[in-house]
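Going by the order they are written in, the chains are A, B, C and D; count residues from 1 in each one.
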């Protein structure tokens, strides 16, 4: 059995989590494979919630699977698909089944997903969601009704250190810290100097919050360029794109693994933050290699 | 049922196309006689309903002819007409009228040959329908 | 002002299929100003309908009219004489006008020729943008006069999402500004950024009980 | 009342043989509301017009349709004739059966001539009378900019008896003429004195325009002078805001230590050569790098080159590509410069300029020698680019005028040249329109002064009242027409205590009809080109007669 994630946050010098992206369909075999592969190598498996607004197997269901296979799940909840009733109900259910880590997110717009005509809910925003989880943790629902059997969630929030302009993002980030979170998981970072400035800023508001740097595995120069152009808040510096471009054909991913390993090693060695969250979008099976490259 | 009259209605700016048509006459440049010129003070005066009504009357084609871009006495009349023609083509498409039956052209007052070519061209195009 | 746009001709023709005599009724207020359903558009739609049906060889006679406001029962009454002579009414008003006509002339089928889209303002000639969603709980006083409910694609109340694109445009459309970046810049200019730092509770979606009703005379 | 249309057919001295006039005549009689059809051979001659007039005077008809030559030829004469006969001159509808019918087609065109006549008749049925009226115009003129052109405009207008207000944002009049070597020399001081002495010229220095409303004949302008804001009214406005020289950083990098200097700096040196530690042995000028058609920079470089020769006695090189000498007197200056020993070196490829041992090294391929040459200069005077004055854009937007693609006054449009802009009663003169020398600016001034005089001197202007008119009942106040009118001729006017509606100034309107086409409420009527009149013509097309 994995050690509880919140324990790891408190005690471990360097926390490592990995992202698990559910697939489209009821076949969970591949997911189980990934769980088995990663559950003992990382401190938490973080499950996306209809990521990129593309309908998939649910976050909650995947978290249950992780639990069943002896892993430590982190439930991602977005505000896009559920109103405040549904979110609270899901959280109660999650806690009742031993899922007690939650990452509170706004959620990508339905316009970027595969059900573009869906109603975007956004009854709450991410800051309000954090407040909601705190309310539940205190034994009451968000309108103040007593709960029969409370919850105790370890609460996380996200941040975008490379946003441009950064100031409005920082104000919102401070609101998240103000609402009270146990850990921060960032959007992919590649420029460590910029990231250091961000951590410094975060520490000024909340000295104790645990910060996990987001590491997205680059599989080639094309992906890096695509992300720069199309994924808000992610900026891959040109020297990394060049490095990827120089990789021999078919070896792009190996270079990507090396880059990810190098970043993680540097973060750990320089104690820039408290850990990393590895997002190997669609290449979860390569996470062990990244860990090896990072010397973990 | 609207009967076809096989006419081409040419809304001509009196500062350019209308003068070009006059010049074509003076030069005896003969062109098909199915064209009906309607003089307008600026091609920007031509409204969508004028175009549509011409087709309702059974026109084979409609031409909007104004000054060259940058030479409109009213600065934006010809560019507006161009936009309007594009919009009108969509309206025509919706009712199943070949978009090629509506065209916007730019002509200078002395371009008699060009005027004749526009008329001949439209006549030729609309014959095929 | 209410902004609307005309439905595709095919959809309108689908609605009126089978009717031989129709009234196309425009509205002289909001939809006139937004170039969707005024006297001018009544002329255009009628002309298109005539052209399309003559192209098909079907019979269609159209009565054209445009009144001051279709959302007023008394004004809609002006159409009564014309309505008597037709089998169906195509209303070129917003959804409110269509319903008023349908209420006044219950015996006749009424068809909407427009899609009512939003409340907005003219941005440039022929361009309108949405500015208010009539949430019934106006918060413009703390957002620098920029409404996040409608201008933020997600209607967020506590700041931008992580989707803000480089330079401050919106996740869903690089052509649109991120409302929260606009709010930040406005409040910064006014030296009121403290307003943005405050936490705002989840929105009260019962500020207006839907369907909305206001009784101004009631205490 | 029943409309009674008279149709006058003209066979142009029996020359239009491919039209069967008796047949046209016979069938035209059957057209709706036609009560008279006359066949003529000479409608454009006095006798022809007399024949027509007698029919009108009989009172038998009240609308006239003339099927003859192009309206572009005789329309005005026909309208005058109508008026002479006591009929409103707008009750005229023309069919162009000569240029656009008889002459344009081969074979018999009787049918077409008849249809064109029918179109004109149909249109005539919808004509309404237009009343000519006098509108008063304010005879005062605002001149913006107190440089050479502005001063000259003010003086010339004042001499013609029109009062002017000359607004200059600087401390004094004179503009760039101060310290600018001109040939022939401009008597700037005597101009200044003449203005001071002229009681018809009010000079406001350190003053700027802040707001502008209204149209030709009645502009309301706010002028800020110090802390004061003055409200004034003018009948016309003349822009003479001049230019601003600029050295493009991309073309030349003026760095301290490198003796690449601006023209301004050279003027400073020339004023007090005694302050120089060392008399420069060689001075170079470089031209045609940023703009091959530079007029003012060329002129000033030539004048400065001569001044350098005279006052410093240095060796002078002018590095140029084509040397624009098309301004008055410039060829002469150029010859004089050559005679005095100024060396002109022509290049095709951009010279390479760098500093070496405290001097400026210019390397270039001399196209006359066909060889690379190197010249060391103590100073190299950089070419200036002529740019619009600062604030041109803001000023233009105050008066709702368009600027050209380079930011100068006056949109690029052939119809506006030389000095008009799209708004009637506003003129642009001199270098605010671009790179114009003194001689050209003087021509501009003459042209603008003449137009202004014509416009304002009578104190009133004759207009056709409400030719293009907004129906206040139908106007939805959507402001579309105000936004689209290319001539700034429409504004909101309060019609009663509650309502404002768009109103078109009869004087400022140029009759394009763009507003009438775009008005979503169909509230704008354009007599002569109204919807019902245009559609009447359309309706007559293809009607079997």
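To be clear about the criterion, contacts are C-beta pairs under 8 Å (C-beta built on N, C-alpha and C of every residue); 3 or more make two chains touch, one makes a residue touch a chain.
Since we're looking at a predicted model, the values are computed, not measured.
Chains making contact with subunit B as well as with subunit C: D. More C-beta pairs touch across the B-D interface than across any other pair of chains. Averaging C-alpha coordinates per chain places the centre of subunit A 40 Å away from that of subunit C.
Taking each chain's centre as the mean of its C-alpha atoms, subunit B lies 28 Å from subunit D.
Each chain gets one centre point, the mean of its Cα atoms, and the points for subunit A and subunit D are 64 Å apart.
The centroid of the Cα atoms in subunit C and the matching centroid in subunit D are 42 Å apart. Residues of subunit A in contact with two or more other chains: none.
Residue positions of subunit B touching 2 or more other chains, listed in rising order: 47, 49, 53.
For subunit C, the set of residues that touch two or more other chains comprises 40, 43. This structure has the following touching chain pairs: A-C, B-C, B-D, C-D.
The part of subunit C that touches subunit A in the complex is made up of residues 153-168, 171-173, 178, 180-181, 183-184, 188, 193, 196-197, 199-203, 205. Of all residues in subunit D, those touching subunit C in their complex are 474, 476, 478-480, 483-484, 519-522. Within the complex, the subunit D residues that touch subunit B are 70-72, 96, 98-106, 109, 112, 115-116, 119, 402, 411-415, 422, 484, 486-487, 510-514, 516-518, 526, 529, 531, 534-535, 537-539, 541-542. Within the complex, the subunit C residues that touch subunit D are 28-29, 32-35, 38-41, 43, 122, 125. For subunit B in complex with subunit D, the touching residues are 5-7, 9, 14, 18-19, 21-26, 28-33, 36-42, 44-47, 49-50, 53-54, 57-59, 70-77, 80, 84.
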